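Labels A, B, C, D and E are assigned to the chains in the order they are written; within every chain, residues are numbered from 1.
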Amino acid sequence: SLSDDKVKIGVLADMGGVYADICGKGCVTAVEMAVEDFGGTVLGKPIEIVSADDQNKPDVGSAIVRKWIENEQVDVITGLVASSVTGAVTQVTTDAKKIALIAASASNAFTTKQCSPYNAHWTYNVVALANGTVKPIVQSGKKKWFFITADYAFGHALEGIATKVIESEGGEVVGAVRAPLGTTDFSSYILQAQASGAEVVGLANAGADFVNSLKTAAEFGLTEMMDVAGLLVFTPNAQALDPAIAGGMLTTTGFYWDRDEESREWSARFKARHGAIPAMPHAGAYSATMHYLNAVKAAGTDESDAVMKIMKSTKPDDFFAKNATLRADGRMVHDMYLVKITKASERKSADDIFAIQSVIPGDQAFAPMLPECDFK
Amino acid sequence: MSTNHTSADHTNNTRREKLRISDLHAFYGESHILHGIDLSIGQGELVTLLGRNGAGRSTTLKAIMNMVGRRSGSIVINGTETINMAAHKIAHLGMGFCPEERGIFSSLNVEENLMLPPAVRSDGVSVDEIYEMFPNLYERRFSQGTRLSGGEQQMLALARILRTGANILLLDEITEGLAPVIVQKLAEVLMQLKARGLTILLVEQNFRFAAPIADRHYVMEHGHIVEEVHAHELIEKTELLNTYLGV
Amino acid sequence: MKISKLSIVLLGVALVAPFVMYPVLLMKILCFALFASAFNLLLGFVGLLSFGHAIFLGTGGYVTGYLVMNSGLSPLLGILAGTAAAAALGAVYGKLSVKREGIYFAMVTLALAQLMFFVFLQAPFTGGENGLQGIPRGFLFGFIDLSDNLNMYYFVLAIFLFGFWVINRTIHSPFGQVLKAIRENEPRATSLGYNVNDYKWAAFVISAALSGLAGSTKTLVFQLASLTDVHWHMSGEVVLMTLVGGMGTIFGPLVGAAAIVGLQNFLSGGELGNYVHIIMGLIFIVCVLAFRSGIVGEIQKIVKRNFS
Amino acid sequence: MSADYVLETQNLIKEFKGFTAVDDVSLKIQRGHIHALIGPNGAGKTTVFNLLTKFLTPTSGRILYNGHDITSLQSAAIARKGVVRSFQISAVFPHLSVLENVRIALQRKEGNSFHFWKSEKVLDKLNDRAVELLESVGLGNFAGAKTVDLSYGHKRALEIATTLALEPELMLLDEPTQGMGHEDVDVVADLIKKVSKDRTILMVEHNLHVVSKLADQITVLQRGAILTEGDYETVSADPRVQEAYLGVAVEENGA
Amino acid sequence: MAEFLGINLFGLFGQLLVGLINGSFYALLSLGLAIIFGLLKIINFAQGAIYMLGAFLAYLALQYLGISYWAALIVVPLVVGLLGILMERFLIRPIANEDHLYSLLLTFGVALVLQGLFTHLFGSSGMSYPIPEAFSGGIKLPFMYLPNYRAWIVVASLVVCVGTWWMIEKTKLGAYLRAGTENPALMQAFGINVPLMVTLTFGFGVALAGFAGVMAAPVYSVSPDMGSNLLIVVFAIVVIGGMGSIGGAIITGLGMGIVEGLTKYFYPEASNTVIFLVMVIVLLIKPAGLFGKEA
């Protein structure tokens, strides 16, 4: 039985801000595709989608979600990109006992410090990024690191976890600078990196910050002196960069469109509707929604506890989720991929951005579950 | 259209007409200030506009320069109709305007203020002559314009338009705030200018200053011209002027 | 008097509103109405455009949020503390800025606010980009459960009415008379022996304190304090609210806040969400070009024209 | 004897970037007098006013008011002590009513000007006094009018009423009749004469007619320094004054 | 050698030079603001958005019309200036007689619209613009590698700034401009076409921002919000320099770039706030700004 004779999915994303390319309208499109592929109804009742722009502001996002839940009978929230928004929203959803399918946020807090029985963190997190990218580089013998870190929670977390990985592999962090979010000029940070004597400069930032810092690094000749590793690179960011600068860089992703036949088929459909190849959150949003709807069908209700129970006991399996389980703490553990950004000479088309180097099994990518977050 | 104004005819007979205004109305936003002014000035004449505070004398001068909200009627300067002319073109007909509030620019020093208005004719008073006329200005030539004393600013405002070579001068209350010595000197200056053939329309509160140097006087009240007095009629019309001006 | 009749009607509407409309939205409107009224006290009645007023809103919010969350302060004490903090910041910023006039004042307040914005961004206790999340609403007087939206609403309404009363009283007080005189002719006020900067400063502090009150209350309503409230966009929004409603009028900021919050609410739900900045910008332009007296100001004009 | 002087300046000097606008001026203003400051343009009269009211800070010298040194006080403090100036351009609060204009001045002494929690009704008790003041300058019928709508002369009268409300011991008037028609000049001159009872007035004025009619004592400034002092007869007879200020035709202006 | 009192001199010199480069942008932007403010008494809040527009136009011109960097350096400021002229003519002039606060609000609205529009059209992840061929590579200084393009930024903006300063402070045209803003009606009466002059000045001030935008495109990511944060810093710089002082804007712009560079070296946490702190100190000591005239 459904609470109000329908299942209503709220997609909260950044429609016009810095994350719009990563999880904005594309996430809405992906969820729409999931609903259509599912058949448009569940248990004989319609599935509805509402969407809104959180402008990357926690207050805006939480207010919208509060209204959706209190006033518009929304049953499940997905999208969720800026970690700050996700944090605020999951407070609301947890209070209201509604499920949050986190498709795009990087922070690992939602399954650790702020874990909740109603969170399902789908696509990737900072731990997977650090493990995926940093570990192989340190293992290859480049042990002295310098970080240029985005000066907010996400960057700090990324740097912290990467540091742990480096140290556990016998490497050392020789220095770090914190650049404010939205820094336009990275040159002084690049100079500091140059002077640090490191072998690798880790860019613990994302989006425009990543693009700007890498460009400046190239301009000041840093890329010729040392290796640069981007810890979080989405396909649209890589596409924005000159391959002469970014080509050859290693990074970790939860999805790449050109992985296999299945992913290519879905990505082609997505591109036809959205106009660009999917970034990993798009695929994650689809996959999470699909898994949720399947669980509602199996549970015969949209009551959150019952649905969550089934989500955690059945394994997600689709073009995105490979070797996947939704753990009791809400972490969706699945295969991650170490990829290399292709050089201009290697590109067969404009969308040919990554070359998969290796598959990182989920249990190596993600951290083990904390006992206090075991919501079995 | 009739041009049958007695005063105009009178002056036309003797000198070339430099400025003729007929049926001039002027408005500031909603308020109608001038209600059909007719006047005419010939070359080399010095004519005053007398009247009480608020009679519309300054407004008449501003209307001539197209500095009021809206105006209608006819203003012919040197034979050119200017009622539809853009404000910045009027000066180039040889007009020089010295406003009541002086309009000294604080962002410029005294000399820059003096040199500011573009020359409209070639035969203006030279800078040396001006400094000779107003030694205060020479002494203070590098100080900021608005740092001058009230009276010095008044001198500067007048000097500034003499330099441009304008040959029709519209002067608004130029003796205001000036020491008696300077007022006397100004009277001499105006006589000299007149002698050079300049045409002057003078708005004055100080009737004692204006009376001996003017050829004619127009008396204004409530936006109308109510009386025209020739210099030679002054004695006989003293009573009348008294009632209008409260001298 | 007409105004008081109108006030009674409005009060009646406010009392029944939560049964008709979504209470959280109403609370948001009330908070912003108070904020805009406090801002209008400066802009409309002293002639000072503070372009960094959000900083007081946000300071109130952060301080209240932090204390309620970490020192278990009751909601009322938390709000008092937040208001006091905003007043204190206002006292410092006021001292620095009232020396300047007009546009200079606007620039100085904007830059000072930006300074504090970065402090809030980087200080350890504000949670940076995340802000303070999950702030408990708590119990009023120890027994009224504010997590109930209806209880919270009446609490917010009471705070709003208090703040609104203070503003009105200030405008129509001996102090308000002096402010009016200063706005009309500052050198003359000085020559009559008034230290005009002291009066401007006092008005600035009152306005900052009430903005802080609005921010503290808002924080409890949304259980969240974030950078949005200290960002210069927010400072722009409160200007817009006041402009749309009618600056220098008593009810203008109220109407403006309702209009802008309502519009944002409407836009954020639908397809137009993308256009929110463009639409705000256009409203700014249209208001400035064609609608400077704002909604209430225009209504007053019409009333004046037709009934007197 | 010095008690006779309300205001004294001692060797007052004001320099602007090497230019001395006020040069060693020692003025003594006797209580109860109307004291006029005259002199050619740029002599430094307005500057002296600005120094006395602290709109400018003297380069050196002292200002004594009732025997106390007020050289270091701020403008508003000087005004509160009883030295009040009027401005050359009409200094009124245009959008307040005529009554409110006067009341603002009366209010200052009430000590409630920072009381934002009180109703403005507490000011109503000042209304009687305000009306009284308005009547004394002939504006009794205009109490309720908006100030912008007043004529120029009335505005000047209002300004004087407002100044009187402060009960100044010493009033400073800078060219009070400038820009007025003849009628208004006489009205204002009479008004000044009337209010000069019980107080001292220092004025700058170019209208010699007014000066001769009102002034008990005249100080003539030239190039920042005092040229001479005395009553109208003495001063106007001084050949130096005739040359520097009056010009030759003194008689004409006298009438 | 490169150490002195425990300070890494090479690092310090590097930061100073980088500060000078940033200062060049500050100088260009604050110069544009100061001209518009000093002469028209308008605070152009859209200056940041117009800087962004300049960068985007350069990007679009290259992408879609194949217009090179060099051509863009000329064409874009012209186009932007033209837009500024239209803006002045149709938006600002109608409210020229109102309180100047309204023009501030109006341009604030324009900034929101421009920024919103570009975000809507191009997203906000940023576009990249290649460094022009002629400037690829760099100079190896003893203490750092100075990319050629960065050197060009300093040179070009100094030339533009000094030229503009000279034109406004030292020529008759400048005197007309200054006087025309003080009392436009009187200047008209003197025979000067003030409205035209005002429009052109606004266009010029705006074009400077467009020029800065083109200069910035190759080094910063071209994104819709590139101007908005920069703008407030530039406001602070204009306040420090003294509003309306043309020379003050230039010197302070360069100086603040250097101060910021030093802060990044000695205490990076404060690099965001240092300019605002300087502003507070200057306000306390000299309320009119370093080069401003007391009102």
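A few remarks follow.
Convention: a residue touches a chain if its C-beta (ideal position, glycine included) is under 8 Å from a C-beta of that chain, and two chains touch if they have at least 3 such contacts.
Note that the structure is a prediction, hence the values are computed from the model and not measured.
Steps from chain D to chain E, minimised over paths through touching chains, total 2.
Shared contacts of chain A and chain E, meaning chains that touch the two of them, come down to C.
Traced through touching neighbours, the fewest hops from chain B to chain E number 1. Among the remaining chains, B is positioned farthest from chain C, on the basis of C-alpha centroids. Ranking all chains by how far their C-alpha centres lie from the centre of chain D, first place goes to A.
Distance from the chain A centre to the chain D centre is 76 Å, each centre being the mean of its Cα atoms. Here the CA centre of chain B is 53 Å from the CA centre of chain C. One finds 32 Å separating the Cα centroids of chain C and chain E. The centroid of the Cα atoms in chain A and the matching centroid in chain C are 37 Å apart. Along chain C, residues 118, 121-122, 274, 276-277 each make contact with two or more other chains. The set of touching chain pairs reads A-C, A-E, B-D, B-E, C-D, C-E, using the touch definition from the header.
Interface residues of chain B, counted against chain D in their complex, comprise 52-54, 136, 140, 143, 147-152, 154-155, 173, 176-185, 205, 207-208, 245-247. Chain contact summary for the complex, chain E toward chain C: residues 37, 41, 43, 91, 94-95, 98, 100-106, 108-117, 119-120, 232-233, 235-236, 238-239, 243, 269, 272-273, 276-277, 279-280, 283-284, 287, 295. Across the complex, chain C is touched by residues 53, 74-77, 79-80, 84-87, 91-96, 100, 103-105, 107-108, 110, 112-120, 122-123, 162, 166 of chain D.
By the touch criterion given at the top, residues 65-67, 86-92, 95, 97, 99, 103, 105-108, 112-113, 115-118, 120, 164 of chain B touch chain E in their complex. The part of chain E that touches chain B in the complex is made up of residues 172, 175-176, 178-179, 181-183, 185-194.
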